[in-house]
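Both of the next two complexes hold chain A, though its partner changes from chain B to chain C.
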Partner chain A sequence: MVSKTEEAQVNRLENQVDNGGGGAWEYLCLVRTLKLRRSDKVLKHGLSILNDPKKRSSLGPDEWTLYEQVAIAAMDCQCLDVAKDCIKVLQKRFPDSKRVGKLEAMLLEAKGSWVEAEKAYTSLLEDNPLDQVIHKRRSAMAKAQGNTSGAIEWLNKYLEIFMADHDAWRELAEIYVSLQMYKQAAFCYEELILSQPTTPLYHLAYADVLYTLGGLENLQTAKKYYASTIDLTGGKNTRALLGICLCTFSIGELTKGRNKEGKESSDLQCLAAAALEKDYKQRAPTKLALLNSTLKSLKLSS
Partner chain B sequence: MAEDLVLDTAIRDWVLIPLSVVMVLIGVLRYFVSKLMRSSQSPDAKIVKEGQIIIRARNLRAGANFIPPKSFRARRVYFSNEENGLLYVPKGQAQNAQAQMFSDPNMAMDMMKKNLSMIIPQTLTFAWVNFFFSGFVAAKIPFPLTQRFRSMLQNGIDLSTVDVSYVSSRSWYFLNLFGLRGLFSLILGEENAMDDTQRMMQMSGFGFDPTKGLSAEKDGLDIVQHEWALPKFEQRAEAVLRKLVS
Partner chain C sequence: MGGEFRYQIGQNAYIKFVLHALKHKTSAVNGVLLGRLSGADTNPVVEITDSVPLFHSQIGLLPPLEIALIQIEEYYGAQGLNIVGYYHANERFDDFELGNVAKNVGDHIYRYFPQAAVLLLDNKKLGALPNGKDRSPVIQVILIWDRTPKTMFSYTLPFLHAKATKLYTREMSKSWKVVGSDGSSQLTIKEPSANIVLLDYISSEKWQDIIDFDDHLDDISKDWLNPELFK
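Moving on to the complex of A and B:
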């Protein structure tokens, strides 16, 4: 994930390049290192560099990396002839290269000829069975075709070998959530929390999944994770605050008969409600009435 | 004994500086030669998988307190299970890493190449230093030393009354050998700054021994006591919110 300073830098460079100032090459390099997906800008500025023979020769050996970057951006924007031209140039220069083979397979994928792309990827994998990008492209292809269970299968196979790749776990968790397989999604989020315990995003997502699963134990765990999100973000995450209120309410519903833990949880709920009110007053005063009515309905019944 | 010997500046011009320059050049040359000769090693699937398992087990140990106890226990069993746990290596299979290294011809060739690229320039330079630059005092070390160092530092000088701080050019050669890493990192970029000490360490290490790594991780995982940190977070969140609201 990109840090704030890096994002600010990229945006600044983007503005500079868009408004006619120089620095297109630095912008493209930064986008490449940070792995951002800004294909339209990359395409526009990359092509302007490539079509100008003086600028192109001043790049030296980096010219080919730029061709690769522009080819991928063109495929993302569906300008397939631009992509084809770039790939042809690369093919002439590096006739037997695996990287160029990967680009060709991606072009087949972009055109929509799924079967041929599948064949191309399989043959590339035979030569090089440990290439992570190709594995991931296969499951991306399955997802694009709408075959989510196929995507899950490919991702699982990939994760059996490369189990420390947290991006893949994240993708798998999102797919599971979209298919409503919440238990498996919870497992994936646990993996993510293990590898990066201080990222509030994963705590929040895990809490959401647990809340959706329901059941007293899950609700209590969800409440704890909402609390940890609040702690990690300094109380600024609205979703976590609302989550706390909802969780406390649901726990109260479930434990209506037993009178054990009624007292300690209400503190947190009141505080969360107060923080929410303050936040809404500052940022969205028009919606304050809506918030107050919701909170009242939660408070009254618990 | 505390007399100051006056050293000819010609020594500095014709011995110290050329020796350093030659060693730097040899280092650069060795870098380029190793780049040319390096055969791309296709990674073995099993080794990659084991590496990833180790990373995942390490993450589990580090973040154990952040996930619910049930999930932690389930994962621990998955890893260290006696029958088919990922980290479990049955005693018979703990392969002798050395035997494996030597039987695989590619790896043996690689090691030979690495060793050669280091031994030959070192030997040649040392012989050159000995031949041309022996028999005289080359430099003075700015701090006093004990008599023990005499045999090491004053090898070509056969006078026993000269102060130990006055050293021969052989010691200048050794100083350069161990010290040029900073210069190499400037010239060749950060990762390639390998001077000879690191190469010697690489030469003696026998490379990746995956079985030991796995059993070490398994032991570490068995030791971990799970202490769920989340309940504390509820109180911390309360404190944060209190501060925010007040």
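Moving on to the complex of A and C:
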């Protein structure tokens, strides 16, 4: 997960390198640290360094890390020959290395040789049963073969051991959402909010899932979490502001005729609408009219 | 029924769809198709004149979809165009199934436009595009097959348009059927050289410029109408 500033920084560097302004190594390091998936760029710029003997030797021991990074990027781009070459270089330098063994197994996976890859991962796990990356590869393989329930099973097993892996919880939640298993997705986001209560992304995702589940109680809780997202983001999150409006409208629809929630709820909706209008006026004036008619259709509840 | 209508997609609508999918190679993407029904009763054609890329993450969530549909209907309604279909590209290369989320959105659109089509990106065809001189669209067309739902159960969703009740067919997998793939003329592209233009855009990495509704919600200064895309 990346912050806006980090993403801006990476994009700036990427632009610079793409246009011949240098900085390829800094870019590759940043992508590696932030764990971004920009395989086509990594492949292109990584290879430009590796294929140039002068640049390569100036890296020193980091050369091998770059080979590893480029190998993985090559596999992601289905350039399996490039990946094989990188792995060969690493094998020569580090014979009998488990880390290189992992790359070999990943190459089998990239080729689609699922059975061999599974065997390779199993044997690697025997020697190192706590290797998180390999555990997760199993779930990835299931997902790649279209076996979503298998992917879920592997991820759940993984999370029983490594319950602090936020990325895994997020991946699981996203798989659940794609299968419309919203209750299970909600559970994942609850875990994430418990362990990282000040991360607005989780509050927002949780609210979205609750809204999708529907029902009065879920909508009311969703509204609370949209509100907490707004709180955590200083009122800048468009999705949360719109979420408030949607929730208020839907709650109004469901409670028509019963006792209303009181002025408090319409105040919140008004504030959210005002914040949205202000933002659109400033940053997206061409869309202001559309926003206003959207808000109007959401206020027509009572 | 489903087989009677022809579908014609304009170049811009078609290219936006493919570029959207290419921008987000590692996730599923979706969008809506805008257009109108034209031609007399003797030769009805659904003209798809434009498309709006919607999302590339967490496609199964309602709030962004509801907001998007309100705004899209408002904007295009003023131009006399309807939402006539939905497009979807799967996350995996060899996945040719229409998932449940896509079917649900398709069902929803179908209720307002009975000739609605769901277009699914054909990844294999897209991959083969640079090789051949294929003029047919790199899309599978999926149409509603069974118009009268056999068994129904109600499912409550605070979906704005459906106003708290939505009906699904129990046998969902039978309700959308693939038609018109591989050579059939069910779906044609209006401009015959569209694939050539598309290849050109692909080689110039034009997909980087496409904005979808997700991008807009993350940064409202980005315009989901993509007014500058083809200029």
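Operating definition for what follows: the second predicted complex is superposed on the first by the 267 of 302 C-alpha atoms of A that agree within 3 Å, B and C clash if a C-alpha of one lies under 4 Å from a C-alpha of the other, contacts with A are read in each partner's own complex, and residues count from 1 in each chain.
Quick note on the criterion: a residue touches a chain if its C-beta (ideal position, glycine included) is under 8 Å from a C-beta of that chain, and two chains touch if they have at least 3 such contacts.
Here the structure is a predicted model, which is why all the values come from computation and not from measurement.
Chemist: Once both complexes are superposed via chain A, do chain B and chain C end up clashing or fitting?
Modeler: On the superposed model, which is not a single observed complex, chain B and chain C fit side by side.
Chemist: Using the superposition on chain A described above, determine whether A:Pro129 touches chain B (first), chain C (second), both, or neither.
Modeler: In the superposition, A:Pro129 contacts chain B only.
Chemist: If we overlay the two complexes on their shared chain A, which of chain B and chain C does A:Thr294 touch? Say first, second, both or neither.
Modeler: In the superposition, A:Thr294 touches chain C alone.
Chemist: A:Gln69 contacts which: chain B (first), chain C (second), both, neither?
Modeler: neither
Chemist: Please indicate which partner A:Thr248 is in contact with in the superposed arrangement: first for chain B, second for chain C, both, or neither.
Modeler: In the superposed model, A:Thr248 contacts neither chain B nor chain C.
Chemist: Of the two partner chains, chain B (first) and chain C (second), which one does A:Ser139 touch, if any: first, second, both, or neither?
Modeler: neither
Chemist: Based on the superposed arrangement, let me know which partner A:Ala274 touches: chain B (first), chain C (second), both, or neither?
Modeler: first
Chemist: Least CA distance chain B-chain C after superposition, rounded to whole Å?
Modeler: Result, nearest C-alpha distance in the overlay: 17 Å.
Chemist: List the residues on chain B that touch chain A in their complex, please.
Modeler: Against chain A, the touching part of chain B is residues 42-43, 45, 48-49, 52-53, 55-56, 59-60, 62-64, 66-68, 71, 230-231, 233-234, 236-238, 240-245.
Chemist: For the complex, which residues does chain A have touching chain B?
Modeler: For chain A paired with chain B, touching residues are 128-130, 160-165, 187, 190-191, 193-195, 197, 221, 223-228, 230-231, 234-235, 244, 267-268, 271-272, 274-275, 278.
Chemist: If you look only at chain C, which of its residues touch chain A in the complex?
Modeler: 26, 28, 57-64, 66-67, 70-71, 74-75, 92, 94-95, 99-101, 104, 156-158, 160, 163-164, 217-218, 220-221, 223
Chemist: Given the complex with chain C, which residues does chain A contribute to the contact?
Modeler: Contact set of chain A toward chain C: 37, 144, 146, 174, 177-180, 182, 205, 207-209, 211-212, 214-215, 219, 238-239, 242-243, 246, 249-250, 253-254, 279-280, 283-284, 286-287, 290-291, 293-294, 297.
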